[in-house]
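Which chain is which? They are A, B, C and D, in the order written, and residues in each are numbered from 1.
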Amino acid sequence: MGRKYAIIGVGHVGATIAFSLVTQGLADELILIDKNQKKARAEQLDLQDATARLSSHPKIKIQDYSELVNTDILFVTAGNIHALDNASGNRWAEFEYTREIVKDIAPKIKNSGFNGVLIDTMNPCDAITQYLQKEIGLPNSRVLGTGTFLDTARMQRVVSEKFEVDPKNVSGFVYGEHGESQFVAWSTVTVNGLAINTLTSKLNLDLEELEASARSGGWDIHSGKGYTSFAIATCAIKLSLAILDDAKLMCPCSFYNAKYESYVGQPGIIGKNGVESLVTIPLLPEEEQKLAISAATIKEKFATL
Amino acid sequence: MGRKYAIIGVGHVGATIAFSLVTQGLADELILIDKNQKKARAEQLDLQDATARLSSHPKIKIQDYSELVNTDILFVTAGNIHALDNASGNRWAEFEYTREIVKDIAPKIKNSGFNGVLIDTMNPCDAITQYLQKEIGLPNSRVLGTGTFLDTARMQRVVSEKFEVDPKNVSGFVYGEHGESQFVAWSTVTVNGLAINTLTSKLNLDLEELEASARSGGWDIHSGKGYTSFAIATCAIKLSLAILDDAKLMCPCSFYNAKYESYVGQPGIIGKNGVESLVTIPLLPEEEQKLAISAATIKEKFATL
Amino acid sequence: MGRKYAIIGVGHVGATIAFSLVTQGLADELILIDKNQKKARAEQLDLQDATARLSSHPKIKIQDYSELVNTDILFVTAGNIHALDNASGNRWAEFEYTREIVKDIAPKIKNSGFNGVLIDTMNPCDAITQYLQKEIGLPNSRVLGTGTFLDTARMQRVVSEKFEVDPKNVSGFVYGEHGESQFVAWSTVTVNGLAINTLTSKLNLDLEELEASARSGGWDIHSGKGYTSFAIATCAIKLSLAILDDAKLMCPCSFYNAKYESYVGQPGIIGKNGVESLVTIPLLPEEEQKLAISAATIKEKFATL
Amino acid sequence: MGRKYAIIGVGHVGATIAFSLVTQGLADELILIDKNQKKARAEQLDLQDATARLSSHPKIKIQDYSELVNTDILFVTAGNIHALDNASGNRWAEFEYTREIVKDIAPKIKNSGFNGVLIDTMNPCDAITQYLQKEIGLPNSRVLGTGTFLDTARMQRVVSEKFEVDPKNVSGFVYGEHGESQFVAWSTVTVNGLAINTLTSKLNLDLEELEASARSGGWDIHSGKGYTSFAIATCAIKLSLAILDDAKLMCPCSFYNAKYESYVGQPGIIGKNGVESLVTIPLLPEEEQKLAISAATIKEKFATL
């Protein structure tokens, strides 16, 4: 009955997701799990203290994997952001750490009988999501990573600032790794309904500069607040609602692409089964090549696991 | 036009307030100010990155006191939570630090021409709110502290858990300092519409234990996550919405009580002018005494400024 | 997965509930059923036309009782408001009509295998809800009527206007029939935390006048707009969310009272099983008597079915 | 302070807008005006009865034009839907009626000193909005009609159903009159990021059929429920929030086009000043011609006023 959510890892991202779910009345039941029992308990209490001031009163439980059996949406947001402190913009720096986390939690998820949809925000997002899928054994469609859904939002922001419009006036996609080899597929980007390529000359736009700005967006935030949390949490929740609604909403995110034999960021249709299909948009040859390279990068790193 | 919010201090509390305002579509315009320019910029970016995924698109600006002139609601949430790390449950440990902050920001607020309502979450909440009021020179009613609004929510949670009901089934108030001398006015507390005093005997309830549990709630959270943020942010926002709506909503919070010549936590009516009136509920003599003592404690500390 | 709602009867109340569920993102799946196929289809289309402008995209289906098998919440809002046009304030005027509706829909609900919680807004609310429960055969707790939840909201409004405060500052209950024999249990009513009885003398309040004003509130609306819809829909949705959250929220509504062998409006605890328990608040002897009379009135009318 | 809304005409559309503003916490102050005093009062009461069950408590006033002076957003939703009952799909049937309404209300709006943004939903939308603008004397940008914002939503729904995706996966615009001469500019329409023209052959899509279906969507609803309300209210509110946020959101709606010397449905940028600019998207020659014809139709009808 109702919407049952669980979050494994209640660091900055996980806790922000939990806060949103509770304060926006989105969850009816919420399970918080963290390797740090005191942290999970503190977040539970802080959220429960808020419920006297909210119109909703979701059930919030902690540390119980057995609750996953009938959970609709499971966010996996574990990670050690401090692994990035000297990382020079490389999310692979978190890999060694997050791999160990997956080795710990994947069997617990599997044994719980979880059969909902898993949304992963850990980094390096693509490889670790694939690793989670493999270890848990759920169908590919039911294990997805936020991937370039966030990078696309950043691209939309960066472009929208240049044009002084709402980011929702900007459409198009960032493809590839949620990491250094990602790229903006500029051939897919429109502003106010017009292909950005038709606008660059008259506006003297430097797309490479915009792309660098979008790509480095996360690092600017990381250097200023020590982590990123608000946009990634918002993206993760949006995916979850599309799943619960069975919305068939198109979102770029990280899921398996058979052609590249790898998880990679690309547009997919999100519904009750997770990523229900790949949306194949014709890219320019150089974009296709970038995607192949990015996917190969992920695949290679995945193989080192 | 619309709702204009500002936040001075975008630490955990301020940033959580900002996140709520943006993701819940509550603010049309939001000004973030922090002594750490990079932090303010990082929060701005993280919020702006979210707006491509939200239905709203508030304007978010940073570091500009001149924007306060037509701001409706100003949250002051500056503070140094690490001042509390060895504080053994004493919010006065933050006083020295927050006093310096006020000396810095109060003239800037005053000079901005700000004429909205200021909601303070800094600690020690009551004294520092009074100090802010004095330094800025706004009417008492327009400068309030969250005070025991949060402690009351915690009391509601603690009691509701005992009775296994929604915290909203629990009414009543925590009075006094948002600190050690606070107390639950049990004579005001009802559960499911019944005075708690009539229920304690049959349920073998220990009210002192419940009160201790409510009072220490914040410290349990602090020790588990290093700070508290979710419930305090939720309380602060609820106050702000009652102001914007001119709701005449009764909330316990910290405002000036002429009888005690001090700010202190007590129920008031919240409307467009801030705290528009004090609600005087008959207390038991021992409760009246506790309130007098708590107010005197605040007044004394305030005098040391 | 997610929240599944159904509504039987998409007249003004049912359609307003549907609109709220869709626009506020509360439902993941919504089934609309009406004896008028074109009306159900029109509401479906009007709601679906809105989804391009909303952040959510719930599934909306029509006219299919088989969907009830895994529905969480079923609203029954059928009725013929025009039966009231010459009713001189008597909801029993709808009885003959709604009884026929129940005879038609109850077997269909029963045969569907519906096992969620049914919330009834039809009039005369108490008797028809009991009739629904009997015909469908679900446990008493899982079939409830909005009953005096709406009348209580009206009492809160009327009192709050007198005191110029937020209706949420007013607590207390309207008991009895959602109809003429209802009464405000003034001994339970508080304003700003103070018993209203202690405030009447100094304010020269006439409680009988206030009560008449609350009771006639619905008729004033009916005469002005031809029906009532907004408050009743809001009440019904609030009950549903308490059920989905398993909130254990105290609400006055219509459910079975063994003492009176009848459904009647009274405070209960709302959780995932519907009305999970009766809250017995000591009433004054004259209030107890009014409740007994009101319950007897309902019982008698029910017997005529 | 806060968001101040007013609505002139609280029929189905106006009342639905009011209900949304109140239940979603969007308005801090709301003014309802109707030629039928009892209707305005009934809607006010029905909304106020709901506020005891809502977390917000907006001020709701009625029948006072003087309140418009500092109103941010004014919806004009007056009209007589029964004028359409024998209209065979022609919104011009409402013209005679709504023109008289405008002659009545325009001077009152003008004299109130209203200086916010006016959003009109009356039919025939384009001509009547232009007439309102002329009579009130506000700048063109501050008087807009919902126009083809609703028709575009319907086109998105119709196309999305064909492709079994979320309507938000469909972009593109309906141009022209909110009436019979409107047209879908198929060259602007994409589904899942792909131009619909590239998809039609393989899917055996009949665009003319889809267009007819979108155009007649309102009539299907009208014939089934007697009016349309939910989608139009949702569209109107979305425009208002973009204005309050100063969002610079691109929306098709009805505003003045100097080239055609007429109001007409077309994409514009919505910000705090209303429609801040026209978005000129290259159309096919036949689409340009349809737009010219549709604008000429509106202009001609406008001239008959």
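What we mean here is this: a residue touches a chain if its C-beta (ideal position, glycine included) is under 8 Å from a C-beta of that chain, and two chains touch if they have at least 3 such contacts.
None of the values given here were measured: they were computed from a predicted structure.
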Any chain in contact with chain B as well as chain C: A, D
Contact-richer chain pair (by C-beta pairs counted) among A-B and A-C: A-B
Longest centre-to-centre distance from chain A, chain (CA-based): C
Inter-chain centre distance, chain A versus chain C - centres from mean C-alpha coordinates, in Å: 41
Distance between the centres, which are taken as Cα means, of chain B and chain A, whole angstrom: 33
Residue numbers of chain D (touch at least two other chains): 54-55, 57, 166, 168, 238, 242, 247-249
Of chain D, residues touching chain C in the complex: 15-16, 19-20, 22-24, 36, 38-43, 45-54, 57, 150, 152-154, 156-157, 160, 166-168, 170, 217, 220-225, 228-231, 234-235, 238
Residue ranges of chain C touching chain B (in the complex, touch as defined): 54-55, 164-166, 168-169, 171-173, 188, 192-194, 242, 247-250, 267, 269, 279, 281-282
Chain C residues touching chain A - in the complex, by the definition given at the top: 1-3, 25-26, 28-29, 55-59, 72, 116, 238, 241-249, 272
